[in-house]
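The two complexes that follow have chain A in common; it is paired with chain B in the first and with chain C in the second.
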Partner chain A sequence: MGSPKTETGTSTKERFDPAEWGRPPYAVLVVDRAGTAVRTEGETTLLPGVEQGVPLPEGLSWLAGATAAVADDAVHQGGSPRPAVDGEFAGRRFEAHPTRRADGEVVWWLVDHTARYAAEEALTAERERTRFLAEASNVLLSSLNSERCMAATARLAAGFLADAAVVVAPAAGRRLPVTRAVQGQDVTQDMIVADPSDVPGLAEALRGFPPVPSRWIDPTSLPEWLVPDGFDTPVGSVVVTPLPGHGVPAGALILLRADTRSGFSETEETFARLFAARAGAALSAARLYAEQHSITRTLMRDLLPPRLHRVHGVEFAGGYRPSSSHERVGGDFYDVHPGPTASDPSLVVLGDVCGKGLDAAVLTGKIRNTLQALMPMADDHERVLQLLNGALLNADNTRFATLILASVLRTENQVHLRLTSAGHPAPLVVRDDGRVEEVATRGSLVGALDQVSARTVETSLLPGDTCLLYTDGITEARGGPLGGELFGEERLKRALAECGGMPGDAVVEHIRMLTAQWLGDGGHDDLAVVAITAPRTTHLSAVDGHTRGRYTA
Partner chain B sequence: MTALPSPLLTVTAEEGRGWVRLRLTGDLDYDTSHELVVRAGDWLAVRPDLRDLRLGCAELRLCDSMGVSALLQIHRDAAAQGARLHVEDAPPFLDRIMRITGIDHLFARQEERRPARGAGEAALPPDQRPSPSS
Partner chain C sequence: MTTTVEAPGLDTLRSDLWTAVTGRDEYRAADIVLRALDAGTPAESVLLDVIAPVQARVGHAWQAGRLTVAQEHAATAIAERVIAALAHHPAHRPAPYGGRITVACVDQEWHALPARLLAEVLTLRGWRVDFLGAQVPTPHLVTHLHNTGADAVALSSSIATRLPTAHTAITACQAVGVPVLAGGAAFGPDGRYARLLGADAWAPDARAAARRLADGIPPPDLAVGRPVEEGLAHLTDQEYTLVVRARARLVRVVLADLERNYPAMAAYSAPQRERTAEDIAHIVEFLGVALYTDSDALFTDFIRWTAAVLTARKVPAASLRPALDALGAELKDFPRATRMLDRARLHLDEAVPTTDQPPGASA
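After this line comes the complex of A and B, so read on.
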């Protein structure tokens, strides 16, 4: 059985007999070289104005032209199917498939693809939007900086959704942070004094109410501050969309189109909302992050050990390396509380709170505050420890701290020390000549026992001597050439023996460097060290400009 | 025994008249100390007659500050019902930690231990003994 397409010769005419073949489901036209419709069959209703024996109407000139090309191409005859031709007629899109008859007339099968083209166009547009949304998500989520996030939102919206876009963030105080972008131009960000209720729907959008349809907004009523500087043509249409955040609105997005373009269709407004949802999520994430960051920074500023310096003629140097795990504020701390005058002892505290993370940080803060308050009785270490223990003790847990208290007083060129350990590794003293001594103070940890006791030990530092207070993060550092080995007390003492006569900063740096080398890339606990050093130099001068210069520095 | 035996710390229990011994193998640290406190608490709850709670530490490899906190908590819980906490066969590092932190006086040490096998001690191997947490 042969199909009409492959048949040649004039005898095929009869094969089209509708009685035998039925009505063809497509419009079929036989067109001659001159562009006259010789015969019509099938769905001719799709081709109004096309009549048998009459030249093809103006709208089908593309078909007449194609007919001439096919008629001239006698060689193609009988081979593979000729390529189809696309064209429009009477509001429809057709794909026209030709067969050439021996007499040079061309049989056209016109397949109606109007619906398919529409679907394809919609698909292309949809793909474009998806691609845009994907790109938008990438761009928006790549930054946790809220200014950059707002700039990206405005730029993306101006580039794809409108001619210009304005992002209005919730008011900061009495100012409104406004980010404006015009397609193809730089984004500008300002804090302006303006009333959001000047723009219809903006105040509502900033409170998270649903968007106002663009047809309700009169573009001529827009305040001047809303229209970006580089936007020269009059505004033709406006859309105001809220940027929904996590629970709270992250701002509003305003889209502007020039009056030379058509307004926003409903699809476009819906799509703008999809974009706004993504932008809003990114913006509120950025804002939450900024908030959290500022809280953490405030906490850290308060909890991180202070930078140490010379106080009342005594050198103090401190080194702190937080734990390698992500909880940055750890359990090690130190403080130097200067004596009220140079003839009063200063109190040095170095401690280690058990556990890590927020719990440890909170306990650390408590201890540091309590000790500061106990400064007036700082001379009686055991009493201080008992009061601190009482303040920390609670029935819920046995979290504790170990610490060293050191009262430090310079007299002439010596530094007099009173040291008390509360369950903490004993301080080490390295003499000017490199001898290392352990200070034999002992006591119980604080915060977990009903009763605490401690023994205070006194010693003196001569010029060049250093007393080192440290946390067990140093001695328990695991690493070394084989890995997994403890740094240990003996190694610390040997390292310290090389530090005789060094300034305090150098001693701290030396110990830090050695432990860092020992640890290599390995994880570690908090490390803290404080060096108390009797200065070597003996020339006469005022110590810090406030005292009378009676002591030598 | 326990729902999920931690690979970091294994606790096996044996008991006799008036005493329970928990043998610790592994690390007593931030990740495991809470588990030991719970285990010891369970034993104290099912054995109100307990006079001596013994921690067998011969196989303990590590004890950090949270481990010390756990020992203090167990000591507190045991003392609340009149039981003594024994720390037995403490390795040198544990001795050192308890000495430095000034808590060694809290625990009965095992030097006077050796109740010798027999006298009231159950003959079952540890893993077949009843456990409060099973």
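After this line comes the complex of A and C, so read on.
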């Protein structure tokens, strides 16, 4: 179309001539300022009700409005093309491109974008869903805590898929763990006594049957417990979807929509199942983790080092660090077996099974049990070691162990010690004034040779003295400021010399801290330390955190 | 809580407790605390206005060389036992509240007492508290969070050298959806390092921490994941990584350099030599953290602190200078490290007259 040559606006030369241009592939309307279709051309079948010389129908009021704006704007931004306007008419979506004629009438080329628009909308929706699934995966994969996982599932579903969502986990006994979320509100989690068969499809979903289509569920039949507290509008539509787990269902997801909104479309129900698959997998993983953890904890309970405290007027303190920061147990161990009465010696054991990790820890458990059983003959250390040696040789393992036995008895304010080493580093005694002595007990390790022998050495602790039992993880700690150096026995003795008169737990803490600093971030073997201390004061013991009555300290 | 009427009472309690713990008299210490509770001093006040300041004073006294390491350890052990005794006192009966908090120290952080005090205060205020204690390896912390589903983690660190480890712990907690409140001297007096490392909140003391936790800390947004902290973009220059990985070598080189230039060191005993090596290792470690946080102040503050400790132990602070020089020569190709060492040297020159004694000579 050429630009008009005159301002008359009636010359037929300037009119569009179909004979010259052919039939345009778009609907073309010439609209005057009043909103009347002055002329129509091209694909006008797309515009039912639009007729030449008649005002535009109601549905095209957006076009009439745009016409007035274009008509008033004689020269658009220095002659640049005018922007198109979007609108709907008769179930189609149009992009209308205007040109303004000199007389103020506007020629509109209406391009039918119905298909493209639908595709764009589908794309946007798909992108939204993909984004949601990606975010949901991020959230769901981050926690191995099943409460958190259920809360996240309910919150995500309420935020994107519905107005409110409820996650029902498989019943624990007679109670049903229920997690409820309303869009924009806090998630609540409760254990309730309820029958899942009150909700159509729920009992089935919890047993892993396929989901019940939304249209089958009457929203008025829902039990009160299902609808979250903050959900005030009546429920209009419901979807019940199983949360598929690893083999067994991880629960069910119930989506609720207010009756003011349209129900769930088939696409939405399908998408809800996609989400449920991810949530179910995450929930199963969390539950599996919790189960494994509880098994591990139960099995490991007896392998963990005991918490030591004062027994029969003697202070005991222990410190332990497994070789790997991922583990809690290892091949080092210690125990204090209290004497039956205050006038019987208590037996302290500290040892090191060759190897580390769980395998070594399992053997420490056997050794600890065996030694506990041998308590009645604890006075004869060599005999105890021979019996333990026999038990280890007969057992189905090739590991050996080194250990220290100490019989500890307090009389008056002195603590008498009988110490026996079975292939283990000799114990050290630090006196109240800081002198450090090595207790020269020697003996063969257990679990390797048919015969074992050992020499028991006696010593006494005066108030403020401490006897330190330790495993070679301490002296063989590699590190230091220059790197790669052994901590060594000399350094341990020097460190201990500063610990004269300290409470036992402070001695243990000091040694552990020094070795940890020595190691820096480097790897290490299992470490264990036990301090046996003769208390310094003569007051009545009132506080040791585990008060079992008052001992004359 | 602390009225003017009670204030003299607290003063007396503090000085009594100070005498008891430095005299290693555990039973007297417990008596003082338990009697204060019996007389109606609130448990929180006993923890924060009596035990905490006494413990801080113990730390300062040790730093100034007025207490031996044994006395310091004994005082801390006694404080721990006194807190345990206090926890069993009838005045220490919290109203249940329902929220659950995990309190932990970062790995290799040995100063558990501030965290312990916070744990007790939170318990008093009705939280369910899991106190994991000193030096908690990050994998243990995360396992614990998976199992308990805590509302928040209160993470304590007193030594700046643990900041990179604290960063790992913070990121790991947030990755499982648990917000982190950071506290302790390591994070700076204004919490700047807590912000730098992306902690969700920071508190200067136990009361502020308890308030902040009660206000609620929004959990991290897991949906979008988290990019590397903006403030840590400098880490891409690899200076931190290279310095930390070369730590042992740097210490050896600097030590050799000192031995060449200060013949007096030839007469050092093995422990003295080791003490010097430890001092150098400490300098390198702090330089590493200063590079991690890109904070010149962190390194200068450390040098200032070390100078003060050396002076308190009758070692001339200027003895640090040759170590910094040797380190500077070794790291001359590292622009950020060079800048930090220059600042520290400048500070040292302004603060103290020079002498020819290398660090550790007093050991």
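FYI, the second predicted complex is superposed on the first by the 400 of 553 C-alpha atoms of A that agree within 3 Å, B and C clash if a C-alpha of one lies under 4 Å from a C-alpha of the other, contacts with A are read in each partner's own complex, and residues count from 1 in each chain.
The rule is short, and it goes like this: contacts are C-beta pairs under 8 Å (C-beta built on N, C-alpha and C of every residue); 3 or more make two chains touch, one makes a residue touch a chain.
Since the model is a prediction, treat every value here as computed from it, not as a measurement.
S.K.: Which of the two partners, first being chain B and second being chain C, lies in contact with A:536: first, second, both, or neither?
M.R.: Only chain C is touched by A:536; chain B is not.
S.K.: For A:453, select first, second, both or neither according to whether it touches chain B, chain C, the two together, or no partner.
M.R.: Only chain B; A:453 stays clear of chain C.
S.K.: Check the contacts made with chain A and report whether chain B or chain C touches more of its residues.
M.R.: It is C that touches the greater number of chain A residues.
S.K.: Taking the superposition on A as described, I'd like to know which of chain B and chain C A:352 touches: first, second, both or neither.
M.R.: In the superposition, A:352 touches chain B alone.
S.K.: Could you tell me if A:442 is touching chain B, chain C, both of them or neither one (first, second, both, neither)?
M.R.: first
S.K.: So, A:402: does it touch chain B (first), chain C (second), both, or neither?
M.R.: first
S.K.: Tell me the contact category for A:423 with respect to chain B and chain C: first, second, both or neither.
M.R.: First partner only.
S.K.: Under the stated contact criterion, what part of chain A meets chain B in this complex?
M.R.: 331, 352-356, 397-400, 402, 421-426, 442-445, 448-449, 452-454
S.K.: Mind listing the chain A positions that touch chain C in their complex?
M.R.: Against chain C, the touching part of chain A is residues 135-136, 138-139, 142-145, 147-148, 152, 286, 289-290, 293, 325-326, 328, 480-484, 494, 498-503, 505-507, 509-510, 513, 516-517, 521, 536-537, 539-545, 547.
S.K.: For a test of understanding, state which residues of chain C touch chain A in their complex under the given definition.
M.R.: Those in contact with chain A are residues 24-28, 30-31, 68-70, 73-74, 76-78, 80-82, 84-85, 88, 107-108, 110, 135, 137-140, 143, 145-149, 175-177, 222-225, 247-249, 251-252, 255, 271, 274, 277-278, 280-281.
S.K.: Under the definition above, what is the set of chain B residues touching chain A in their complex?
M.R.: Touching chain A from chain B are residues 30, 64-66, 68-70, 72-73, 76, 100-103, 106.
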